[in-house]
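For reference, the structure I am asking about is given below.
First chain written, first letter: the chains are A, B, C and D, and each begins at residue 1.
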Amino acid sequence: MKSSIGVGLIGTGYMGKCHALAWTGVKAVFGDGPRVRLEHLAEVSQEIADRKAEEFGFARASGDWRTLIADPAVDVVSVTTPNAFHAEMAIAALEAGKHVWCEKPMAVALDDAMRMEAAARASGRVAVLGYNYIQNPMIRHIGRLLEEGAIGTVNHVRLEMDEDFMADPEALFYWKSEASSGYGALDDFGVHPLSMLSVLFGPVTKVFAHLAKPYPDRPTKEGTRRNVETYDIASVLVELGDGISGVLAFNRSAWGRKGRIAVQIFGSRGSITYDQERMNELQLYSTADRASEQGFRTILAAPVHPPYDRFIPAPGHGLGFNDLKIIECHELLRAIRGEPARVIDFAAGLQIEKTVHAMARSHHEGRWVAL
Amino acid sequence: MKSSIGVGLIGTGYMGKCHALAWTGVKAVFGDGPRVRLEHLAEVSQEIADRKAEEFGFARASGDWRTLIADPAVDVVSVTTPNAFHAEMAIAALEAGKHVWCEKPMAVALDDAMRMEAAARASGRVAVLGYNYIQNPMIRHIGRLLEEGAIGTVNHVRLEMDEDFMADPEALFYWKSEASSGYGALDDFGVHPLSMLSVLFGPVTKVFAHLAKPYPDRPTKEGTRRNVETYDIASVLVELGDGISGVLAFNRSAWGRKGRIAVQIFGSRGSITYDQERMNELQLYSTADRASEQGFRTILAAPVHPPYDRFIPAPGHGLGFNDLKIIECHELLRAIRGEPARVIDFAAGLQIEKTVHAMARSHHEGRWVAL
Amino acid sequence: MKSSIGVGLIGTGYMGKCHALAWTGVKAVFGDGPRVRLEHLAEVSQEIADRKAEEFGFARASGDWRTLIADPAVDVVSVTTPNAFHAEMAIAALEAGKHVWCEKPMAVALDDAMRMEAAARASGRVAVLGYNYIQNPMIRHIGRLLEEGAIGTVNHVRLEMDEDFMADPEALFYWKSEASSGYGALDDFGVHPLSMLSVLFGPVTKVFAHLAKPYPDRPTKEGTRRNVETYDIASVLVELGDGISGVLAFNRSAWGRKGRIAVQIFGSRGSITYDQERMNELQLYSTADRASEQGFRTILAAPVHPPYDRFIPAPGHGLGFNDLKIIECHELLRAIRGEPARVIDFAAGLQIEKTVHAMARSHHEGRWVAL
Amino acid sequence: MKSSIGVGLIGTGYMGKCHALAWTGVKAVFGDGPRVRLEHLAEVSQEIADRKAEEFGFARASGDWRTLIADPAVDVVSVTTPNAFHAEMAIAALEAGKHVWCEKPMAVALDDAMRMEAAARASGRVAVLGYNYIQNPMIRHIGRLLEEGAIGTVNHVRLEMDEDFMADPEALFYWKSEASSGYGALDDFGVHPLSMLSVLFGPVTKVFAHLAKPYPDRPTKEGTRRNVETYDIASVLVELGDGISGVLAFNRSAWGRKGRIAVQIFGSRGSITYDQERMNELQLYSTADRASEQGFRTILAAPVHPPYDRFIPAPGHGLGFNDLKIIECHELLRAIRGEPARVIDFAAGLQIEKTVHAMARSHHEGRWVAL
């Protein structure tokens, strides 16, 4: 491969900045891989683009993302714009021969997700989605423990994802309550736990969902009230392959939860639990311990849980949310180099989207839906 | 009322001993109420009955429970035998004019539960079920907080009940895996969370359940394997009155969980969580706190949470599981005195049984079942 | 021994009630031992004594404790009066040939403690102090783990004991701030951690203490302010036998701490921690685990940790503070029967008192004091 | 100031990489401040320097740190070499007119620290030490809460710092056990808690210390055993200004502790606790809450705790250890710009060093030492 790689970044919001930090740090953290050239940044106006390029250290800036995609110095494009734009931008980038790193969820409409997957397949390029939680060394270690049979055969899982940014009933109506944004918690949140299930257990085979609106309407800026069209709460029963039963519960109006992704995995010889709000810990219960000393042990992230060691040589010092994106960026670079990589590519991402849509259908039809 | 009350105890296992300790301690703990006379104890043989009467301090002992029920010195009967005997014994006691304190669940068959409820109604006596978890001062305090609107209007609840006594796949087949014992986790566990929902929120209106077997068969003493007929895992979506959506999850093969009943209650102005394994704590998140100091606060049981004060005058020193039965016993005595009491009587208990059976039907029919 | 034992109880406050509950429940919980006869209760007036005897179920009541001690039906005397009375009552009871169960601390003055110990020695009776925390099955299990070498050779310990009943600076001056009550946190609290050290590690050999007053004066009922004479905070460095270094920290003005006794024990192959506010748990870290799974495991109290099994046959259901007194009562009965028993007798108690007084001297002289 | 700043980095180990990542990310995270030019990297050999310069993205590399200091493109020098080299390098850099960012501890010998402080004063340049823990938004928020009087007047503090890298008794003897490295836990660890005390409470006024060796000797590569010369455990009583009493406990052989810095602060109206192993949380207990709802609330790091907001716009998602260095780097840049900055400069650092040496003297003389 080339000894350097040219990066284009579209979007500079929450995730745009997160990508910028990942591109900036990945070489120094991991030591390996190509030198990263921050070539081109695109925003909705030239003025914003210029300002952000200066902040993030990009060489050039455009008010039109198509200019960025046409830039021959750009090898890979980070797409971090609102979900509605993902399909158009990712497909254009792939068709221009660029690798793509697109934020989740893939797209609002299933149709768009299918077109994205098709474009990725046709391009021969690497197309990867921003499912950063699976990059946590603790989640990786859970995968290793499962593979080793540390808790025997898994038979039941529970995943909860809860935040509280929709919890205030008197917060103004905004786009997250519009049907055009999707179903609500189901796609806004559900895709993250599904990405974890995907890397740890494989595909979901059957779903039954119940969606709920904690608040039927919300105030508007105009002083009126408007009906809420999305569901801030989703509760889902699932079956995975190999007879694993599961419960998924998502709530974006859960006061006090800030970034909770609580995982419980039950097996024939033990259990594993994890909570994203304490992302540097996992809990393991093993029946291999003597009966009088069995208990959930809290394991702190440490250099023995790669790639934690690339960040800090001392155990228990803690990675942060942004560090997960650096790991994801490194996996993307591995995929580009043709090496085995831990990523959710567009094919795996499409499977997640299909699962979400099956859940929504299940809710409306009041019955199990198979995948 | 009489200044003393005569107690009969049928059964001396786990719950029989627990009742005996409650009857022994209730007067000294609460100071009020009648003097408790331990009059009569019944077991399956005279020999066991004699031995246990000596241990528990009962005046007389019988190898036939009907003798106990015929004893005119007995005013109230504790029924703590296996579930299959509850109906016959409770009905006989009520018909003999005794008050009844019967362990949960009410009965295996819905029919039996209905006969028990009818007998209680006809008798004019107090008939109460042993749902001890609702007696925890922390659960009471949750009720008080909800009534005060401390977390606004509740819109979502989650309850999990998990233990691990069925978690070992190579443990011998025994009666808990037989269909004659009931559905499995659903009735073995589900009734406890339902008793909590009952006192905190009122009736469940709609259910959808999924039952699962983590282990399809188990070894027998004879060296063969026998098919498991009950479901150790139950996952249930529910709707409560007032548009509250809920998720219930029960697992009696959950390695590492010993007495977990994890409650999460989400409202429009805060949240409350609780875990029975740390039964002297509850967590409250309130949006009344300043934004930069909002967080779940861990409240330790204290004399300000009655009737904790009757046990210990110092905060944070901790009640135990057996203490809950003393509180339940005191509530029973209040009910007998005609005072308002926090109990699950046979009418409320029947409602819980109906809910459990509706869940089972939902599983078999793959659809929502209304109550 | 006799098949029954006659009990006398002096005092009916916090600890008096706790003793009454222990005497009431011990036979039913443990099944073994003599039948307990509640013979005689003494309080400061006949009227209070009568009322409490009715509540606690005692046969006779006196307004003069000497009448109780003269009662031939009384075999053992529970002394639960204010500390200033311990010496006189305990010595009188021993001289009357009774066994004695006296609440901690032994006495305010070291001289009194020495006379108590001499009286016990001379009497040939059992004389035991109410150090209930050492009776927790979790603390016993820590002892077992240490004996087995589960954490190798211990080299460092830390114990903190914190409550907040003296934390309000504007609470009225009362006797706990008078010098006649003792040093403050040092004797009020320190004796409990010292009882733990005593059963787990043996005697303290060297101490250095620093005492502090968080509030120099307090308001009085009369509207004036009065100088505080005791120290609500005590910080102590210690050496135990075998080269173990330690830190003890006591604070009875620690807002938010309700019954905290936090123990940290460090060894050459692991560590153990414990907190009395979660008295049904202990944490064990063992280097025998694989490096990538080492972590503090939270072990819940269970039937495998005797005598938890005598209370509840299911794990993780939780003992309470009052249950510890039942265990202590059972140990006392074992001692009376001449069996090996886990108790702090007056000889061991005197050693604890001497240690406390050495700490106070160290504070005043600003130097290490050897024991 | 100049619109860009030239950076020189000496050392590329644990802290060298951490500085490199901070310099790389600071502009993108904060958006403000000068553009950062990575000008020059020095290591012990040209070969290592070249390799690391490529990894970290530095323009030039030298095998001799004096070349770096002579480089006119370098405005600020990061000194991250072993402690023994700090004085020589920092003083040379200051004398060459560079700003200095030097890792802690300042120096092994007090004399060296004094010379460094004098050189900084003489130079008029910014000279800052790498005390990163004080940069945690949670620690800053504790400071804000204290200033606001959220817990009233502070009267007692406890700080523990524990790790386990010296806990294995059979690990080979290496330089950390040599007297030339310092006292042991006292300076290796103690300086961190002292930096926290320094920013939260001001200077320590009086100390009493006890140092201990958990293992008197260790194996060598040669198969012999060598006496350990440093103290892996340090326990210290302190007094701060305004009558605050304190306990400090440091242990670098504490099995299971990986990066624990446990802080407990007690005031007249509440308490605050914190543990570095869960660095995105703090606990606050306030008596302003209603009595029945008082409890330690767990506050998760969020955008309302600046500068968390510069990293992530969503609450509860978590910063990592390396992020603290980015904040420290930003504070350094503020200091260089002449703005108020939260840093431990060489003057404050010298005070910390003096405190550590006073502790060691106290241990050897067995008495309180005033500062």
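Just so it is clear, a residue touches a chain if its C-beta (ideal position, glycine included) is under 8 Å from a C-beta of that chain, and two chains touch if they have at least 3 such contacts.
Quantities reported herein were computed from a predicted structural model and do not represent experimental measurements.
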| item | value |
| --- | --- |
| B-D or A-B - the one linked by more C-beta pairs in contact | A-B |
| Chain whose average C-alpha position is farthest from chain B's own | D |
| Distance between chain centroids, defined by C-alpha means - chain A, chain D (Å) | 34 |
| Centre-to-centre distance between chain B and chain A (centres being mean Cα positions), rounded to whole Å | 41 |
| Where chain B and chain D are represented by their mean Cα positions, the distance between them in whole Å | 53 |
| Touching two or more other chains - residues of chain B | 257, 294-296, 300, 302 |
| Residue numbers on chain C that touch chain D, as the complex places them | 151-152, 155-156, 158, 160, 167-169, 208, 210, 212, 214-215, 233, 235, 237, 243, 245-247, 249, 251, 253-257, 264, 266-271, 285, 287, 294-296, 366-368 |
| Contact set on chain C toward chain B in their complex | 14, 17-18, 20-21, 24-25, 27-29, 31, 35, 54-57, 163, 165, 257-260, 277-280, 300, 302, 311-323 |
| List of chain A residues in touch with chain C within their complex | 141, 145, 150, 283-284, 286, 289, 291-300, 302, 304-305 |
